[in-house]
Structure formats: structure tokens, C-alpha cells
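Right after this note come the structures.
The same subunit A turns up in both complexes below, where it pairs with subunit B and then with subunit C.
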Partner chain A sequence: MKVVTGVVGNDIHVVANRLIDLALRARGYEVFNLGVNTHLQEFFDAVVETGAQVLMISSLNGEAEGWGREVRLLRSQYTNLDDLIMMIGGNLVVGSGNGEDIAARYRNYGFDIACHQVDLNTGLDMLAALLRERGIQ
Partner chain B sequence: MKDTGDKLLIDVGSTYFKICAGDSIEQYMRDFNREILEDLMAKAGQLIARYQPADIRVCSSANGGLSALIIGVTRTFSLKYATNIAFNAGINIIDTILYQDIGNCSLPSDLVDVVIIVGGVNAHGGLFSRSLYRYMEQLQYSNVVYVGTERDAAAIQTNIPDVVVLPNIIDERLHIVEEHLKVYLTNLYQQDIEGKEDIKRLYEITANQIYSTPYIVNRALPVIDATFSVANPFILLDIGGATTDIHYSKDLVEDNIVTENGYDRLVFKRLGVYKSRQSLILAAQGNEFTYELLTHLKVTENIFKEQGERATKVLMQLAVFLVLCKMSHYRQSYINLKLLQINSIVLTGGITKVLTVAEIDVIIAFFYSKILTSDHRPVAVLDSDYAIWTLGARGSY
Partner chain C sequence: MSLLQEEREIILGNEYVDAFDFDEVAAFVRGAGKDLFISRHFARRDKMLVQPRGGFPTYQQQYALYEYFVEAGVDVLPLTIDSNTRLNDYATAKKMLRLSEENDMDMLNGYPLVTHGYRTTRKMITHFRKPVSLRHGTPDARLLIETAIASGIFEIEGGPITYLLPYSKNFPLDKAFLYWKYVERVCAAYSTLNEPINRESFGPLTATLVPPSITIVIQLLEMLLSLEEGVTSFSVSFAQQGSMIQDIVTGAVLRKLARHYAHQAGCADAAIHLVYHQWMGAFPTNMNYADQLINLATVIAALVGADKIITKTRQEATGIPTREANAKTVADTQYCLRILSGLPHVVDATEEEILTAEVTAIMAAVFNDPADTLWRKVFNCIKRGIIDVPFSPHIINRNEMITIRDAHKNIRIIERGNVPIPDRCYAYERGQCDLTRDTTTIVNNIIRDIGIMQ
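Right, the complex of A and B next:
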């Protein structure tokens, strides 16, 4: 199972990105890590170049919401991303907020899973559950 | 300038010949009714006769070079990487096609010298299918090279006759791998220069390989600051009769391209002041700041209809402005340079014979204050005696 990951926007918080890379590999995923400072278009383009089934975006510095709103429009410009599973995690709002409300909002933006300040392993378990549910893994 | 080690250096441009002997550089307007060698000998035959073929070095930027069409699966990886490699090999890119849109793309009317097909990391496959082969069947081209995922190489070879397959230019970390494609394109360019009857005849006067001029200029960049009082980082603008070349150091690019070469090159075709005068004017008319700049220079748009020195000066000034625009965030292009970090702008080529430093400073000031709203003012440096070219041409081949 191929996963493209990275930190979106002008966000340089790198620690979680390194952990995600390691944790995904430990769970047997094939990882394409774009690192910090990654533009939204680069994520989708990397999915096309690698044939990844999962796109896992991090955002830590508070930019997530702005990018989230652009996801649907940008994704609609690609002809081959219909089956892509999209996931986002980190600090998804500026300041604090209710995790459930925030997750619902991000599902609206087009994400299958949204983890606001959710611990990484919990998030990866959610992904595994979704893949099972869809009969992918 | 240091001596040239008693070599005779000749540059065949689209508009001029430049000839450097010892400390002096002569420039001659070309006569397009004559063959290159004949024209050159008529203008500098006596000088050339004084040198042995082994001591004569020729480079050429005439005849435009090779044209390439690139087909790739994404803008930020395959198309961008192939574009970068092609520019650095001195190739002119006539178009890039995003593979998912290939069904709606019109065919170029002219013969394409080389088609580059690229896409996918080696872990992925099945990216290309009939729509590609159908497009290729209709396209007029001389060479085709495939540099995408190795998993698709066999299918490509079955369906596209005479395709050259090289290693993928995208590695498993999605980084660029330049070497193989660059060597292939450079050789193709070289064969093209040598194959052109006109240029081929120049081997009657030289025993050295004839190189492309951008290659020679690019080679001088790492040592430029030894010859000029240039403050790093700098960009080099070569504004000529038919095209404009920009050479820049990699640290000026905000980008996902990580390469090993220190310097890159970007070409704007049809942005010259003689042969491409009309398209330069069109580009100027399409820029919303042009009229303000013309007013600032105390002329009106009637200047586009005028000939003569004043009009040429203004066109040159506009060319500098348009090039800066194209590289800035104001105009999203293939690359954007960090223009606020540049300390010098070095200008070479025909422009140095027309504009003074003061006339260029006006443009730099206008651009930085209007477009970048900044007080930053890089220093303009004029390479008026073609020292950069001499530096590159003199280097050991």
C-alpha cells in the first residue's frame, strides 16, 4: 500500500513528519515523504506519479483550514484520483476547538479522516480500519 | 581582461558575429543573404587566416537550436523536471502537455525535433495508454525519448517505433535525476549544430568542437566573480536579437527541484529586440504595467511603431522589465526566483551595446518598487566587452 505524506503550506514543523514516516514504514506501508513546506498541488501530483492509494497530510502551524478549503476544487481538476483516500492530522485549527466538530468540517472539505490533535498511532489505526472497511487491505 | 592565450574566439549569433582576438572584440552584423562561412570570411578573413585551426574556437547560438515537446503526467514533477533538464541542455521547449489532457491537445504545426515522454516512479506502472500512442501517430517528430517509469518502458517500446528509452528522471524519493537525459539532449543538440550545413562548414576553419553559446556562458558562471565586481547572489540576463536567456544560481529558486548543478538556465523564446521584435511588443502590450513604465520613460506607445535608436533603447528596457516580471511571483511561471535576495544583475549580449547602466537602473528601480513594493535595488553590471563569453570560451574544452 503506497502513501504520500508531507506537511502542507509554509509549515516547517518537521518532527511529526519524521515520526509519521517511521510509523508508516513500521506498519508496512510504502512511503513517499514530501517533507515540510509542501504545496497542495505537489501532494496530488505526487499521488499521480506514485500511484499512491492514500494521501496523508500534516499541518501543525495553523494553516490547515485555508488549504482545506481548496482541496475539492483542486482535486476535481484531476481525472484519476477518484479512489484516493485522503487524511489530515496535526493542529487543524488556530487555538483550540472541539475535535468532533473540526473533523466534520474537514470531511466536508473532502477528507475521509481528519485528526485534530489526535495521537499518531490512534490516527493510523483509524486508517487501517477504513481500509478494512473498504476491503482494500 | 586577461589575454586569450592567442586563441581566436568566434561566436555566431542570430544577429551578429563576435570575434575576440587577444584583448579586442569586434562585432559584425550578419548578412543573411550569404552563407555563414562566406559572410564570416568576408568580414574577418584576414584575421582568421593568422590562426591555426587548433587555435580557433567557435560557438553558435544561431538557427535557434532544437525544439522539444514534453509529455508528462504532472506539472510539479514530470513536466517540471523534464523542462529543467531540457533548458539546461540548451533546448527550446515549444510546448508541454499534461498527459490527462492529451485527448484535447492540438498538434504543433511544425516538425518537432525531439519529444520527451515522462511520468511515474519505478514503483508505479500503467500510466500511459492508447491516447498517447494515438497522439504520437499524428505528431511530426524526428526523435522521441522515454524517461518515465521503467515498468511502462516495454509497452512504450512496443507502441512507439524508434523510441529511445533512458533511465527514469524521477527517483524513488521523487527527486530529479538529470544525467542521462541531459547527456542525450546535449548530444542531440551537438549533432544538430554539426548537421546544419551552414555551421558544418565552419569546421573548415576550426579543429575544435563547435559548442552552443549558452553552454559556453553557463560554464563561465561559477568563476564570474573573479572577473567582475559582482556581489553574490546574482542573475545573468543575456538579451539578444532573438531570445533572452537567464542564468541563475540554484539557491535563488524556491522549488522542489533538488539538483547537483550550481547554475540553471531559463530561456524565453521570442523575447528579443531584432528578430523577435513583434512578439516582444505583443508581450509588452499584454503586461498591465507597460503603459505606466512607458510614461515613466517619457514616451508613448507610438514608440512601438518607430524605428531607430530611441525605439531600440525603450524596447531593450521593456525586455529587461518583462524578464524580471516573468521570474517574479507576480507572474507564475515555470520557476520563480527569489528576486529580493539578488545583489547583482549582470547583463550580457546585444543589450550592453545599447543601454547604459543608468538606463537599466531606471527599470530595476521601477520593477522593485512597483511589482515587489520593495526598496531593494540590485546593482546592474554590464558585460560590455563580452568578458563572460570570453571566459567560458577560453576555458579548456
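Right, the complex of A and C next:
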């Protein structure tokens, strides 16, 4: 199972990114880590290039809200991404908010799983459950 | 005209510089008061120098901050530079400074030195008659350090590795080496006019589980890159790591090997100093706990025998500290140093031997690289993962080394990647840790190990 991951936007928070990389590998995924400060388009380019089934974006500085609504539009410009599973996690808003409301908003943006301030392993369990549900793993 | 002078004229011909007068600046440095030179204070060796952090956008705010610091008994004043200037974006710095001045609101996270210029800033520096240390994070600091020295700032922090690997994703490392070569040469040239300009490396790096062997190797290499360009006063540094004995051992090995390699490079006359940073990782939000942590760091710095300590504040977890909080740390740290006495001389021979063997093995691998100059050897070794900094965001960093804490909170290497840690040292490091756990547990432990002080 191939996963593309990275931190979106102008966000240099690297610690979680390294830990996500380690944790994914520990669970047997093949990881393509684009690191910090990654633009949305670079993520989709990498998915096409690697043939990844999962795109896992992280954000810590809260700026994800700003470009979230561009996700569907950008994705529609690529072919063959219909089956891509998209997940986002981290600190998804500036300030505070209700986790379930925030997750619902991000599902509207086109994400299959959205984790606002959710523990790393819980998030990865959610991904594993979704993959099972879709009969992928 | 020398090539260096040609380059300087290009750099200082920048549209954001107001007519740089080389002769006037040289005359100023030649006649500058000895108090402004930290190298002079180090030479006196009568106490550990206390230096806080801090930089505000406007001249008035910076001046007021310095008044607070002086009142609190500061030894060395900081000048922390804003992030636009660090990235050479002088246009934005200028705009944000104007907005800050007009609106009484801080639009910059530091002092935009290039925008203020040396003629203005020098008035402040010479008024307070304290040594000032330039704190930034700039890969291309050529214009910044020219402006700093012309202002009377005679200590320059940073280096091509320590100001790049923790801060940048893709600024080219080879360019950083060449830009810092300019910095070293300019510092060396001014050092012949009066007391030496002190250069200081930034040892904390990512401040996240960096093992002492990697910290020391990078300190030694930046020191050598500086000395080979003619710098004669240099500070190596590291930050509180989480284990008292590991800090003591790190300090001892760093001091010993800095002298050794300086001597080997034919620079035995160079003055080498040791600087200790109070905890640079995640701070507790409880301010009373933060004060305890700061105090503990001061005690360890004394046991390490540091020549200078760089302080944090009780507001570290909540944002940019106020000048009151900053001044409080200075006063508290001075008090703690004043009452500390009769310290034991602690030595751990086993740990020192292991750490020394690790550092010398990595240094040997760097020197054995086939490249023709030291900076190219270092560049190649970073690229090949001979030097690997945990949690660096930079694309050139290998990211194969994995570290965790042992039962005594010492940082240990459990995965060496391509770093030539000798087998017996590697076995020793791993032997201190419980490696029977699965990777998921280890990842959870790493998260815990990063946040130990919270």
C-alpha cells in the first residue's frame, strides 16, 4: 500500500511529519514523504507519479482551512484519482473549535477522513478501518 | 582591489542600504570601546555571562528592552532579527516596520537591522556600552553582518549548517557555505583592527532528540570553517538535553575536542568558549514550572562550566515574551549563579570515552572525504548521511538516524543510518534502551521523549 504524505502550505513543523513517516512504515505502508512546506498541487503530482492509493496531508499552523475549498477543484483537474483515499490530520483551524464540526467541514472539502487534534495511532487505525471497509487491505 | 572587497561593494550597494562608508566603519571599529567586545569579557573569565533573547520592530521598543535588561543586570545584550530580514526580504521588512511604527502594533517578530541601518542602531549600542550578540537564522547573512558590525555588534551567531538544517526545506546548502565564508572573512578582517569579533555556532539545532555526537561534530566543523578563514575567537554551544550527566559529559567532550581540532588545524592561539542554552524544547505552560526549569538549566550550566548562558522565559510556551518576563529571567539567573558555590566536579569516564570515540569516528569520515576543501567535504558528508540531524526539515538531510531516551533521559541512538558510529559505541547506546518494543510503541515513546519538560 503506497501513501503520499507531507505538511501542506507554508508550514515548517517537521516533528509530526517525521513521526507519521515512522508510524506508517511500522504499519507496513510504502511511504513517499514530501516533507514540510508542500503545495497542494505537489501532493497530487506525487500521487500520480507514485500511483499511491492514499494521500495523507498534515497541517499544524491551522492554515489548511484557507485552501481546503480548493481541493475538489484541483483534484478534478487530474484523471485517474477517483479511487484515491484522502486523509487530513493535525491542527485544522486557527484558534479552537468543535472537533466533529471541523471534521464534517473537511469531509465537505473532499477528505475521506479528517482528524482534528486526534492522536496519531487513533488516526492510523481510522485509515486501516476505512481500507478494510473498501476491501482494499 | 581584492575579490572580497569587490563582493562587499556589491553587497553593500543594495538599494536598502543608505550609503555604506567603509572607511568610517573601519575607523569606528578601530576606536570602539572595549566594553562592546564580548571577546574581551570572555578573556576576563570572572563569571558566566548571562544573555537573554529578544528583538522588537521599532528602535524605541528595542531601546526600552535594553533598559530593562541593564536594570536586571544583563552581561550580554541580544539583537534578534525579524524573519523577513532573515530571508533577505528587505522590502517587506521596511513595509512592516512602517506599519509597526504607525499603528503601535508589532508586525515583525524581531528588529529589522538592515532597515534601521547602522547609523541609527549604532547610537543605541554605543549608549548601553554592553556587548551585543546578533541572533538571526539567516542562510545569506552577508548584508546583515556588515550592518551589524558597523553598528557595534561584535558577536555574530550562526553558521552554514546550524542556521540551515533546522530552519529551511530547500535553501541550497552549498550556497550557504559560500555565503558564510564571506561572513567569516569579514569578521576576521575586522578582528585585526581592535579586539576580535566573536563568532558563535548554534548548537541546539532542531532541539529535538539530537544526540550529543551529532551536535559536537557540527560544532567542531563550523568552528574549523571559521578558524580557517582567520577568525580568532569562537564559541561552540549546545542546549540542555534532558539528562544532567549527559550535559556534563557533552560539555567536557566538546571543550576537549574543540581545543584538539583547533590545535590540529594550526589555530592553537584561537580563543574557544563554551555556551549553554537553557532548554530549547517544548516548555511547560505553567509559568512556575517554567521558572523551575530555567533555574535547573542554570545549575547545569554551572556544572558544565559554561562561559555564557543563553536564557529562556516563563512565557516560552505562550508566545513572544514581554520585556518584563525577559528581564525577570536575567535577574533570576544572575541570582542563581551568585548563590551557587562549592559545585562538585563530576566526571563519567565511560560516557566520555564512548562519546569521544563517536565524534572522532565521524570527524575522521569527514576528513577522509575525497573533496578538496573542508566545506565541500562537510557538504558531501551531509548529503551522504555521514552527518544526519534528527528532525531537520531540509531535503538534503538523510533522516535515517533514530534516537530515543533511556531510563535516565539520556538521548541514545537506536538507528544510526549512515552515520559511522563505531560498532561498540552503537552496541553500548542500544544496550541502554529497551528495544524489544514494536515500532508503534517506540513512536509513542519518541512523542513522550520530546515532551519530557511539559
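We adopt the following convention: the second predicted complex is superposed on the first by the 137 of 137 C-alpha atoms of A that agree within 3 Å, B and C clash if a C-alpha of one lies under 4 Å from a C-alpha of the other, contacts with A are read in each partner's own complex, and residues count from 1 in each chain.
Going forward, a contact is a pair of C-beta atoms (placed from the backbone, for glycine too) under 8 Å apart; a residue touches a chain by one contact, two chains touch by 3 or more.
This is a predicted model, so every value here is computed, not measured.
Of the two partner chains, subunit C is the only one touched by A:120; subunit B is not.
In the superposition on chain A, A:14 makes contact with subunit C only, while subunit B stays out of contact range. By the document's definition of touching, of the two partners only subunit B reaches A:30; subunit C does not.
Contacts of A:45 after superposition: subunit B is touched, whereas subunit C is not reached. Of the two partner chains, neither subunit B nor subunit C is touched by A:84. In the superposition on chain A, A:2 makes contact with subunit B only, not with subunit C.
On the subunit C side of its complex with subunit A, the touching residues are 167, 169-170, 206, 208, 390-393, 395, 399, 402, 438-440, 442-444, 446-447, 450. Partner subunit B is touched in their complex by these residues of subunit A: 2, 30, 32-34, 38-39, 41-42, 44-46, 48-51, 78-80. The touching residues of subunit A, counted against subunit C in their complex, run 12, 14-15, 17-19, 21-23, 25-27, 35-37, 120-121. In the complex of the two chains, the subunit B residues touching subunit A come out as 73-78, 100, 119-121, 123-125, 127, 170, 173-174, 256.
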